[in-house]
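Some notes on the structure that comes next.
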Amino acid sequence: MSTPSIVINVNGIEVIYNHVILVLKGVSLQVADGQIAALLGGNGAGKTTTLRSISNLLKAERGEVTKGSVEMRGERIDHLSTSDLVKRGVVQVMEGRHCFAHLTIEENLLTGAYTRSGKAEIAASLEKVYNYFPRLKTRRTSQAAYTSGGEQQMCAIGRALMANPSVLLLDEPSMGLAPQIVEEVFEIVKDLNQKERVTFLIAEQNTNMALRYADYGYIMESGRIVMDGKADDLRNNEDVKEFYLGMGGDERKSFKDIKSYKRRKRWLA
Amino acid sequence: MFYRENGQFKTTYKSDQQIFGVKQDRIAIIALIAFAFIGVPLLADEYLFRAILVPFLILSLAAIGVNILVGYCGQISLGSGAFMAVGAYMAYNVFMRVEDMPLIVALLSGGFFAMVAGIIFGIPSLRVKGLYLAVATLAAQFFFDWLFVRVRWFTLDSPAGTAEVSNLSVLGWQLDSSVDKYLFVLGFVVVFALLAKNLVRGPIGREWMAIRDMDVAASVIGIRPAYAKLTAFAVSSFIIGVAGALWAFIHLGSWEPLTFDINRSFQLLFIVIIGGLGSIMGCFFGAAFIVISPILLNQLLPWIGRLFGVEISTSMVGHAEFMILGALIIWILIKEPHGLAKYWSMARHKLRLWPFPH
Amino acid sequence: MGFLIETVIAGLMNGVLYALVALGFVLIFKASGVFNFAQGAMVLFAALAMARFAEWLPEWLGFESLLLANILAFAIAAFLMFVFAWAVERFVLRHLVNQEGVTLLMATLGITFFIDGFGQTIFGSDIYAINLGLPDEPIFILEGLFAGGLLINSDDLVTALMAMAMVALLTLFFQKTGTGRALRAVADDHQAAQSVGIPLGRMWVIVWFMAGLTALVAGMIWGEKMGVQFALTFVALKALPVIILGGLTSVPGAIVAGLIIGVSEQLAEVYIGPLVGGGIQIWFAYVLAMVVLLFRPQGLFGEKIIDRV
Amino acid sequence: QAPAAAPASASATVQFFPSLTGRTGAVAPNAAPFANGFADYMKLVNARGGINGVQTLVEECETAYATDRGVECYERLKGRHGGATVFQPLSTGITFALMPRLAADRIPMITSGYGRSDTADGAIFPWVFPLLGHYWIGGDVVLQHIANQAGGWDRLRGQTIAVVYHDSPFGRELLPIINRRAEMHGFTVLALPVPPPGVEQRAIWMQIRQQRPDYVIMQTWGVMTATAIRQAIATGFPRDRMFGTWWSGAEPDLRDIGADARGYSAVMMQHGQARNSEVVRQILAQVHDRGQGTGPRAEVGDVLYMRGVVGAMLATEGVLRAQERFGRGRHVTGEQARWGYENLNITQARLDALGFAGVLRGPIATSCRNHVGTALMRIHTWNGSGFDWSSDWLQADMNVITRMVTASAESFARDNNITRRTEPGC
Amino acid sequence: MSKKKIGEVILDVNNISLRFGGVKALSDISFNVREHEIRAIIGPNGAGKSSMLNCINGVYKPQEGSITFRGQTFKHMNSRQVAELGVARTFQNLALFKGMSVIDNLMTGRNLRIKSNLLLQALRWGPAEREETEHREKVEHIIDFLEIQAHRKTPVGQLPYGLQKRVDLGRALAMEPKVLLLDEPMAGMNVEEKQDMCRFVLDVNDEFGTTIVLIEHDMSVVMDISDRVVVLDYGKKIGDGSPGEVRANPDVISAYLGTSH
């Protein structure tokens, strides 16, 4: 079996915010064509930062990549602007929604198609998004600021789909979504991945979900990748089980019985 | 030897709450103040005092006032010039109309009236936000400009509508020479800066910042937006008013409302933003920049021209000064949107870690 | 009665001019969330360019037609405004993505300083004239109806027409085109706009150029009436109460508010001014705008200010 | 209190005349020619061999007509080049701000045609010299001219005179004399302030159209004047009933308006446009032709340019006078120069010799009680492309003026604990 | 673990209806909360959960209905009053004071209890200083409790999302509330972090007896730690009861839980 070609290749990058705060300390990862890769890790591990450095949204946060490189299909993309990347099909869904508050839901979705032309195709995409998220259709004329948190999350994901991406970077897509919708979102991911061969890199806290749908996983801790492997292997790893899936032994532990005792993670020892 | 806080264990919260947490900072600040009081008078000449130091100090003070409102409480105001004017004219009236009025009381009363004006013109802030508020505060600016010109009463019916004071003294200390004036202003500024610092790092300062950062959340934890905003307007315009009175009494001696026109308001806002929003220290940096750089450019440009054998005309210098100042401002904003104060804290941060970065 | 009508007309005409300057503000604010204090300086710069080139070109090229000179000068001025827009994006805005409103506002003040100095350096600081060939002397109409007739200036009428046309075009642009929508998106959230592939840089050049054109038109008309000089920048201050009264984001709002302010300050100055010593025009518009804001914090036509938790 | 003759210091080989300019901003069109004339005349003096051999030196500092910048310029320049001789701040606002500092620094100030009118009383304002005229004199002369045209002061009774003025100390300084005359002759004053820089005057001219005053007097400056005249045209106010004071009657105000402004007049502090005068010829020959001209050649001889020339002449003549007392061919200090300005006696012959024949009329003689020197004025009128004299020499009624000056100066002295100088002649 | 004592009704929501223009965010909602219990509110996105909290603490004014808190009945609440009565909350979309340090954020939670006036504060003299130190001690306890010591002086805007959530909780705790309203406190956390958060919530509930109203989408959390659950859907109440009852409710299953859970 030939190894699928690498689409996104992050090569030992270091990121510094504000000229002083070193956040990524040499992160490398690869996402293969047509793959769903999951980026896992605790709060502050640097997942968002990694995604931002791929889509080149760091500058607005006063961050910069000081070492390493980011490549797409072998070509360096660290100097391309976000909008060029979108044109090449790399789209990021930002953490924390970021809908255009004063625009209606529909207008929000339409801005997502900014880089595309062709009225009919755009209309078709819009229909597709409304199919995925019927809730959006009912709220289409409401200004985004006045919709609920979950509705905004759907809007943000839908907006990214409107660009007809080939590589989608999702930053915590499940956050704030009702369980059913989370499931749907991942189904959509799988659907797009299988039918339209969209490649995904998903930063996710919902490890359980993520590993269920992903092909490959990376685990980050304080700015480094500490473990990676096939999603199935990770799911069976003892540490991952305990820390990311909440299983002591084989049973899921009840949240009620958590003790304040914490075991040190093995890879940090 | 090193700038370190290691080893300086804070055993009480009280000590952790000091203004300058690191001992070296404390020493440096005290040394700086001592130098300002003792060293500067020995070293500086008349020009430095009158054209640079005194305006610098007074503008720093005014900027502290503006910073409380804009930087700490997040209410953008373009009316600061007006509150300076209120301070100046009301102090003038109190000083001239009341027999034997002590100078300091007159100056403070200028602050008091500015505070009243500030509260009145702060009322829109209860409903109006952001840039809308900024423009609304211009109403204060233009209204007071007009008032002090038009209503003769404020200028004791002087025919040309100017105000002047002379022969100032405090408890027998004649404020004649420029050194006297400098020391007097310095005293005011140091005291007010400390009081302001105490306020902004205390409970009320936290209320202001909370309103600035997220007013709905602030009200949910029990902060009354009206109270917080109006106290910010009050404290801010009090300080600005005192600065206005100082500007008029000590710096100019004779003035007209144009002294406090809209350009003054912009200038103060510049100081605050270049210096750093939400930083008392930044006010001094910003004021130094805004006071010194035009003067420096103005003097430097002809000199540079002469180096290259060209005589740069005054008007050319004037225009170039504008251009360069404009470009400098943009450059600073780009380099460090949090202002010069950020460099200050970054420098300290690096010094603390030096020689081991990260 | 005749005088009242005249005052109202004079106010309306002033209002149109305020509105033209205000439009530039609104454009930029609506499209990038930047409160552009440099609009006044842009008016001056554009007007200076127009005035000077109209004077220089016939000298350089040796022709005499006033019309030709004006057209060419307008084209050059428009081109300069484009270069200006490009430079603003390249050297300023690009580096200030995602910064707070005040910071951006201050940056535009920096731009103001810069082009005030720059414009005067290359174009000079004397008073220059823009001559569009419109008559200056007033026309008196309806002399039978009112003693002394009604005073009308023909250039006022031309101005009013131009302003109307611009407003109509701009309104359509923002509401109906994809670019218009993208511009509004940029105003809401720079980062998110980037993330969907809107090229901020290009957007900014577009709006600043459009604002530059409005500035040029405004400057041309003011210049025709008043002459062109540094003091023109101060006119921009008059546009501020107009935009907050109309709402920072509303194109039609700028026009309506411009007219309201033009008329009401004229009436106030003429009828109330003398009672309190005159000169109240300088603050009347601001106080009016402030009072209206107390009832409608977003101005008459502005989008509601959203704050949600 | 004549200062003792100071030993000429070796370093001071030049006489330093600081020049506070308004070459940028809203007043630039008008203030720049003044600075050019000032600088050119100083160069001419040097070309002529200096003041008894002492070369003059000019250094400019830009105030843009802003008071605080003026104060900074003053502080910056006062000690340079052996000490400033005399300041001419070219702004009433700045004169107000500098006045308290002059005595301490012992530097005089010439405020020809601006500043406080009551400083004419040298017994109370020893350091300030409104040479050739101040606004009260100007106001008085304009009214006289209007009265003459109307056929006598009584013809003004019941009439209305509007005053359109720069809303600043400068503008307001004119009002006292107008009001005083209004009381005396029973006309009504319509005071119409224009906020600086003065681009918004529509409402004011609407008011003028409504109230239909018989005359309009303008105390305006910079771009405000041109705007006023344009508004007058737009509202149809007859230009031949509009009168400016000297800062509002110069070429930059009218050039671009041209024929439409025909008939507009302004009172001149003696001189007006003087393209054909001897001094202009000399400046062209000895300064401009040698490539040392300060401004554009076309402007030499214009009204405001000439005012700069006259300002420089007064400044150097005072030094000359001081040298007579403190040592010919020597540098004089500011304090010594002050004595010179207070003891001027520039005769017509001297003026002619300097090239001011037909420009100024002598004698210009000052004393402790009289810091003005002369109060002769003329009116000129715009003919569509230049100015023509439209009146004879007019003399302000010093009975009226001096009384106002003394009263105002006395009250200033009271408020500021100043005692009247008591030396002989004061 | 000792069976905790659930007390009387402390908060009673009666027939609340809330509309925004045409959108009916809440229609005729009633439920109550008992002292010391953990009461969860669940429901699909846009169901009106956050709006419900907003009504309780006075950010929204419902058109109909009333709220009874500790015996006092209100037509609608006023934020300040609610805070004084001892209700604190956290926000779904982080509403922290971004420019302020962690300590300062928590200290704002104590502002209601500050007694010294402006003048004393400016002078930082005697009582003011002492008061500040006392509150600081309380806040430090919370910081220890939430294990965010290391970030004490960092501006919260620079903290990663998860820690910000913790600070948000800390600020609410600093008010020493009787009732704590939590809006999706565990969104964006991984299991380990959720476990921590649960521990905090349970500890607060146990140690201080704080009543907790919790909105959460993670069903395992809700099922594990809550005592009773209200289910909203499109602004209507479709279920109310113990976790077990709710999980078995067919309406709830079809509207929210789906089949896979």
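Every chain is named by a letter (A, B, C, D and E) in the order it is written, and numbering of its residues begins at 1.
Rule of thumb we're sticking to: a residue touches a chain if its C-beta (ideal position, glycine included) is under 8 Å from a C-beta of that chain, and two chains touch if they have at least 3 such contacts.
Worth saying up front: this structure is predicted, and the values here are computed from it rather than measured.
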Set of chains adjacent to chain A and to chain D: B, C
So which chain is farthest from chain A, going by the mean of the CA atoms in each chain? D
When you average C-alpha coordinates per chain, which one falls nearest the overall C-alpha average? Tell me, please. B
Inter-centroid spacing, chain C versus chain B (mean Cα positions, whole Å): 32
Return the distance between the CA-based centres of chain C and chain D, expressed in whole Å. 37
What is the distance in Å between the mean C-alpha positions of chain A and chain C? 44
List the centre-to-centre spacing of chain A and chain B in whole Å, with centres computed as mean CA coordinates. 47
In chain D, residues with contacts to at least two other chains: 23-24, 28, 32, 167, 193, 195
Quick check: what residues of chain B touch more than one other chain, meaning two or more? 145-146, 149-150, 214, 216-217, 220, 315, 318-319, 321-322
Listing for chain E: what residues touch at least two other chains? 59, 91-93, 95
What part of chain E is in contact with chain B in the complex they form? 57-59, 79-80, 82-84, 88-89, 91, 95-100, 104, 107-109, 111-112, 114, 116, 118, 121-124, 128-129, 132-133, 136-137, 140, 171-172, 175
Complex contact set, residues of chain D against chain B: 21, 23-24, 28, 32, 35, 60-62, 64, 66-68, 71-72, 75-76, 79, 92-93, 96-97, 99-101, 104, 116, 167-169, 172-173, 175-176, 193, 195-196, 408, 415-417
Enumerate the contact residues on chain A facing chain E in the complex. 17, 21, 40-45, 48, 95-97, 135, 139, 142, 146-151, 153-154, 172, 175-183, 205-208, 243-246, 252-256, 258, 260
Which part of chain B faces chain E closely enough to touch in the complex? 12-14, 16-17, 195-196, 198-199, 202-204, 206-207, 209-210, 212-214, 216-224, 231, 235, 278
Which bits of chain C are touching chain A when the two form their complex? 97-98, 178, 181-182, 184-185, 187-201, 249, 303, 306, 308
